[in-house]
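Below is one structure; the comments refer to it alone.
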Amino acid sequence: MLNETSLVAPDIQARYSSTRALTEALAAPLSPEDQTAQPMPDASPTKWHRGHTTWFFEAFLLPGLPSYRPYHPLFGYLFNSYYETIGPRHPRPQRGLLTRPGTGEVASYRTQVDEAMSELLAGPRQPGTTFLAELGVQHEQQHQELLLMDIKSLLALNPLRPRYHREIADDAHPSPALGWVELAGGTGLVGHDGTGFAFDNEQPRHRVVLRPYAVADRPTSCGDWLGFMADGGYERPELWLSDGWSTVQREGWQAPLYWESGEHGWAVFTLGGLKRVDPAEPVCHISYYEADAFARWAGCRLPTEHEWELAASEVGLAHRFDPGRAHPRPMGVEATGAAGQVWEWTASAYLPYPGFRPSAGAVGEYNGKFMVNQHVLRGGCVASPPGHPRATYRNFFAPHCRWPFTGLRLARDL
Amino acid sequence: MLNETSLVAPDIQARYSSTRALTEALAAPLSPEDQTAQPMPDASPTKWHRGHTTWFFEAFLLPGLPSYRPYHPLFGYLFNSYYETIGPRHPRPQRGLLTRPGTGEVASYRTQVDEAMSELLAGPRQPGTTFLAELGVQHEQQHQELLLMDIKSLLALNPLRPRYHREIADDAHPSPALGWVELAGGTGLVGHDGTGFAFDNEQPRHRVVLRPYAVADRPTSCGDWLGFMADGGYERPELWLSDGWSTVQREGWQAPLYWESGEHGWAVFTLGGLKRVDPAEPVCHISYYEADAFARWAGCRLPTEHEWELAASEVGLAHRFDPGRAHPRPMGVEATGAAGQVWEWTASAYLPYPGFRPSAGAVGEYNGKFMVNQHVLRGGCVASPPGHPRATYRNFFAPHCRWPFTGLRLARDL
Amino acid sequence: MLNETSLVAPDIQARYSSTRALTEALAAPLSPEDQTAQPMPDASPTKWHRGHTTWFFEAFLLPGLPSYRPYHPLFGYLFNSYYETIGPRHPRPQRGLLTRPGTGEVASYRTQVDEAMSELLAGPRQPGTTFLAELGVQHEQQHQELLLMDIKSLLALNPLRPRYHREIADDAHPSPALGWVELAGGTGLVGHDGTGFAFDNEQPRHRVVLRPYAVADRPTSCGDWLGFMADGGYERPELWLSDGWSTVQREGWQAPLYWESGEHGWAVFTLGGLKRVDPAEPVCHISYYEADAFARWAGCRLPTEHEWELAASEVGLAHRFDPGRAHPRPMGVEATGAAGQVWEWTASAYLPYPGFRPSAGAVGEYNGKFMVNQHVLRGGCVASPPGHPRATYRNFFAPHCRWPFTGLRLARDL
Amino acid sequence: MLNETSLVAPDIQARYSSTRALTEALAAPLSPEDQTAQPMPDASPTKWHRGHTTWFFEAFLLPGLPSYRPYHPLFGYLFNSYYETIGPRHPRPQRGLLTRPGTGEVASYRTQVDEAMSELLAGPRQPGTTFLAELGVQHEQQHQELLLMDIKSLLALNPLRPRYHREIADDAHPSPALGWVELAGGTGLVGHDGTGFAFDNEQPRHRVVLRPYAVADRPTSCGDWLGFMADGGYERPELWLSDGWSTVQREGWQAPLYWESGEHGWAVFTLGGLKRVDPAEPVCHISYYEADAFARWAGCRLPTEHEWELAASEVGLAHRFDPGRAHPRPMGVEATGAAGQVWEWTASAYLPYPGFRPSAGAVGEYNGKFMVNQHVLRGGCVASPPGHPRATYRNFFAPHCRWPFTGLRLARDL
């Protein structure tokens, strides 16, 4: 999974430090009150993200440091997310009721673990330590993204319209032209090749057969989406999957999440405040159901995850999709979800690759046990930490989820 | 309702100041995180109580101060509890998601309103101002009690077992002997006589006919309750009202709220931490259903609110029940709910007295519109501010509620 | 409770036979399919009513007939309604899933029990037998009313608009003038005096003190109600109890149950089909919340149950309210709920009378255990079997219920 | 999709008649009461199945018969299942409240449509008519299976333990030995080749790449399942998908649906009554979650639908799996769900094949709009009408469903 020799000690130590610091920087603009509340069961308080990522190192790495004493006997109970083999957990929907430990004590917890990790990583390492440390870093990077999408969902519920960061420009530009990248299909290889870090769910690399296809050279824009809405997209059941249509009706969806109809047209709540919907930006905060309905309306379809990966990795998609360019603005400062790249829903259900083997031990619960009732998203988003996404990365959410930074890219048969 | 001339200006000014200061003192031990969370829809965050009681003065009194400018245009929306005639409100179950305004800004809000109220009360007053100021003080006193019962319900959900105040003695004493006070019944007068402040729901004073009856000379104790439990009280449907029994089964009740079965017998979570159940203390945190079932088990019944009031006011109940002695310990310091007096459930539904007229204007929503689906409680509790309860005071809660400081006193026919 | 000697044998035998026959006559127009479905947990299938009333005699009377063998070992489980002391029961919300026993087998069950009851009543009776038989008759009469209100709620859900009986005249007449009956108040006696049958909840007879008051000389009419609606009755929160207003909003109430807005004004679904709302008829199928809001809108209030009873029994209310005239049309033939007398909500919560003692044994569960969260209704309705209601009769339902034949009569202070 | 010329007229007429007759034969043992109730929203009343399958012909075929008049203007509303483009529908969860039309009128409806269909099929046919008639026949065959699984779920809820057909033998035999069929993998073709009828979701036929694999030569047996249970299968979270484990805990699953623990070991409710669990029979009425957990426990996995199809069609699986032998007993007479073949869960999510095109018109809603949140099952079951299943047939249910006749077959990598 991870080639141990490909990561040298200074690298992981530096990566550990900078990742931990970035989490704190992301939390810094938030008050103790902001860090405590939980807007819905799917989203966690900032304070909990800070504690949970710390617990990950304490639970999986620090038993390897003989001198280490856990910070508190109950923090494992409070900050374990879903590792059944580690032990019982505080119920997820009640994370917002844990007013203690407070933000200050969580900071102390982080400091203690950071000091111990520094000692652990500086000394001679047991086999697997480097991998687990890297896994912990990657895990914390995932939570940095979750922290931002969760705090956005909380602030959006406040009638005071609080901002996470400074106000952003209220621009509006025309939707750019849409081009297509054509691919010949045939037999291709998908999945991670083992060079550098990858999650277990990206492996094994394997052959797939594809028909000739084309993918759009940019994500669907807000301008495109306004066309869908103007054409009755949210009122026409023939465009929707059955589960999608019943969700539209039950939830009263009429636009992407965070969009509001106002006197001057559609506005959108962002981490920088309320602003006009900019037709040029990728549409964001849509469910799989909406992505699928839009594609059907457009006479297209969503790409499979294999189509997406081969287009991204083999053809290059220069000037179109480039994981290295996924963060045109400093992450965390203007992570608006409406101004940047978005995770792209694919047509593929989240299932194991042929020959999939979960990682050994408790971290084997990391990915495999979620392989049902989810769809794969590819790419990365404005909230993804730099260097975190890659072409083989398999993100996943349930089809109704809209609070992540989710969009789509069209595909079609040739 | 309130005899305007009976309250002189210095009195209300001093009462305003001391009441406002007590609220802040009660909140002081709580962190910003503690003050933000909402444990259930019935209970509100501390921060919200502080803002709401402030808004009450801003909304009902300060329009009378020409120079006053409201603190924030949306605070009325955020801090209005249920006054339909004032305008729309933030949904009650989402009060815990309002991380802004933070505790600091709530303090600023309180300061601005206090300064304006000081100016208003110092000057010549319009008719009704003194009454409304006194109503606001009484209202804030009610919220002091709510603040304590709400924060207790929040802290009890935290596996870390946080304490609100210093640890209290882990004593256990035998349940005191139970005596009876006999009353002749006949025609009596109940309701407030108009001397001093009273809520509209305590009036008009009116005649009632009672049969001869007896009431216990003390509330039911934890020792009594342990006897009920040992005799299968929670397992015998014949003791329960139908709605009560279905609640017992649905909720899995086996003891009062906050009781826990441990290695050394029953313990109870208090604002001072976990301690042994003391048989000598009044049982607390029971629903009307439980109070009613206990009385049936004991071969008795609950007193009606009229029986309770006449026993308390006519016979005196010295050394038995005495509102003036309801607070043997400094309120807020050891308000444990299990160590002190309790609100006593009566057999009476909360209904208007004959000839009842709600107060004029928006404050007419204060009491009258809740006169259905509730039962009356009488007395006062350890969390009641000194001087707040009186013999005619009608507290009320829905029959399933257990998070207030609720107990019972037995009665029987003669 | 019941004076055993006041009921001679032929009387109870005849009453048993005619009551049992009326139940079957009421069910006769209904197909096996109609008799099986359960429209909501509160309402039971016709087939179940037929079985349950039969089980009542089997469970409470026939153990006194030595030769009797229960029809089926599981019928007690299926047809026990809520008698905890008798044993466990089939869950109420699943009564509609009991397709067996079918209507035919229920008829056989009724026949077997009728034959045994005939034998029991013909022979020498043990003490209490006559009372229990009369109680069973009264119980079955109550279920005759329930059967009609339950089947109405079922048929109303069917888009085919099925009729229970022949179409009724689609008349409309002006609302009659409203007069007032004035009463002096003072001390009066309420409750049953022990002559003839009464339920335990009507006793003991006791003294009450009333202020001078007036009651309307007729129930509120549909014409009156149309005035309430036209004046925004369902949109004005200041008219409503808090629980009532939240129910109005949650349920989207805009008119009484079964009313429909059509091209030609308001229509109402009846057991005889859809017809125009007739302003002259008493309004029916309203909740306590609506009755209370209407009274507040009218500048009046609801009478207490004591006021109602004294007005009905002492002053007579001839040509106004007369239980003996409660059935101007043959019950069951034109029981429309909108054309006839209605049960009248009172301001009184359903609570025990002073000195109340439930009947001994399992039938003690009949009334007492429901004395919480309900309001008292007085009078009788078009679906009440002839002779069943009396001036002391205390019917009761939860405040949100609208599917019974419920209306109101105004009262006011003098 | 369907080669029109491959179906000659006599064939479809005969198939129409025999299929329609089989539906009536399946309903014949059920009383009007049995045919009316709906045990849960997922399952429909027998009476509704009879009406809905009839409506399918009326809505999609009989507009082509100029003389035809619809039976009732509202039957389209009542019997449309989910065809949004046809019009609105009665809410699915309320199908059990439609006591009218009764079973008799549904029979009349069937007769009218059958006569019209006979006329339509006898005359010269428009293009597409034969396909739509065949689709209607296949549709009705699917509902025959649904009718049996739905009525089983209803009868199982009745404490009287009613039987659908005569009692079946209470045998128990040892679980047969398990063998493996090895397949080389490589590139293969899956999907229907266009010879004879197929649903749109079985097409287009396309190439897939498979690794070498093995599949069990028989479905997992009840004996195998008892081993899983004895080894704590339902108590070990590490065996389960996350959604599966939370379902196990929420629903309290401890065995397959319809299994009951009794004095003499495990029994199972069947359409022939309660009988002992026979270790030799295929396990039935398990969810995808359970199938997946069992496979993980066994150190194996579920086959993908492609693996299943290639194993069934290419290698033959004679004496192992053979669709032609899926009905060892007359369907409908002893369809017990525990004694016969079962639909086999696969590891594949139900998604469109590459190049999938739904059928044109309203029947395009038949399959495509359900392609999310479901897993594919392959094979056929004891309740499948003879000739209905084929190797390319893609059945599908949500992962939590247990009321269909569902089992599993193990697979593993080579």
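A, B, C and D are the chain letters, set down in written order, and residue numbers restart from 1 in every chain.
Here is the rule we go by: a contact is a pair of C-beta atoms (placed from the backbone, for glycine too) under 8 Å apart; a residue touches a chain by one contact, two chains touch by 3 or more.
Predicted model only: the values in this text are computed from it and were never measured.
Touching chain A and chain B at once is no chain at all. Looking at the partners of chain A and chain D together, they share no chain.
Centre-to-centre separation of chain B and chain C, using mean CA positions: 37 Å. A straight line joining the Cα centres of chain B and chain D is 59 Å long.
If each chain is reduced to the centroid of its CA atoms, chain C and chain D end up 47 Å from each other. Of all residues in chain B, none touches two or more other chains.
Contact between chains, using the touch rule, shows up for A-B, A-D, B-C, C-D. Only residues 82, 84-85, 187, 206-211, 237-238, 240-245, 288-289, 292, 347-349, 351-352, 354-355, 365, 369-373, 375, 399, 413 of chain B touch chain C when the two sit together in their complex. Within the complex, the chain D residues that touch chain C are 31-37, 39, 47, 74, 77-78, 90, 94, 96-103, 154-155, 157-160, 162.
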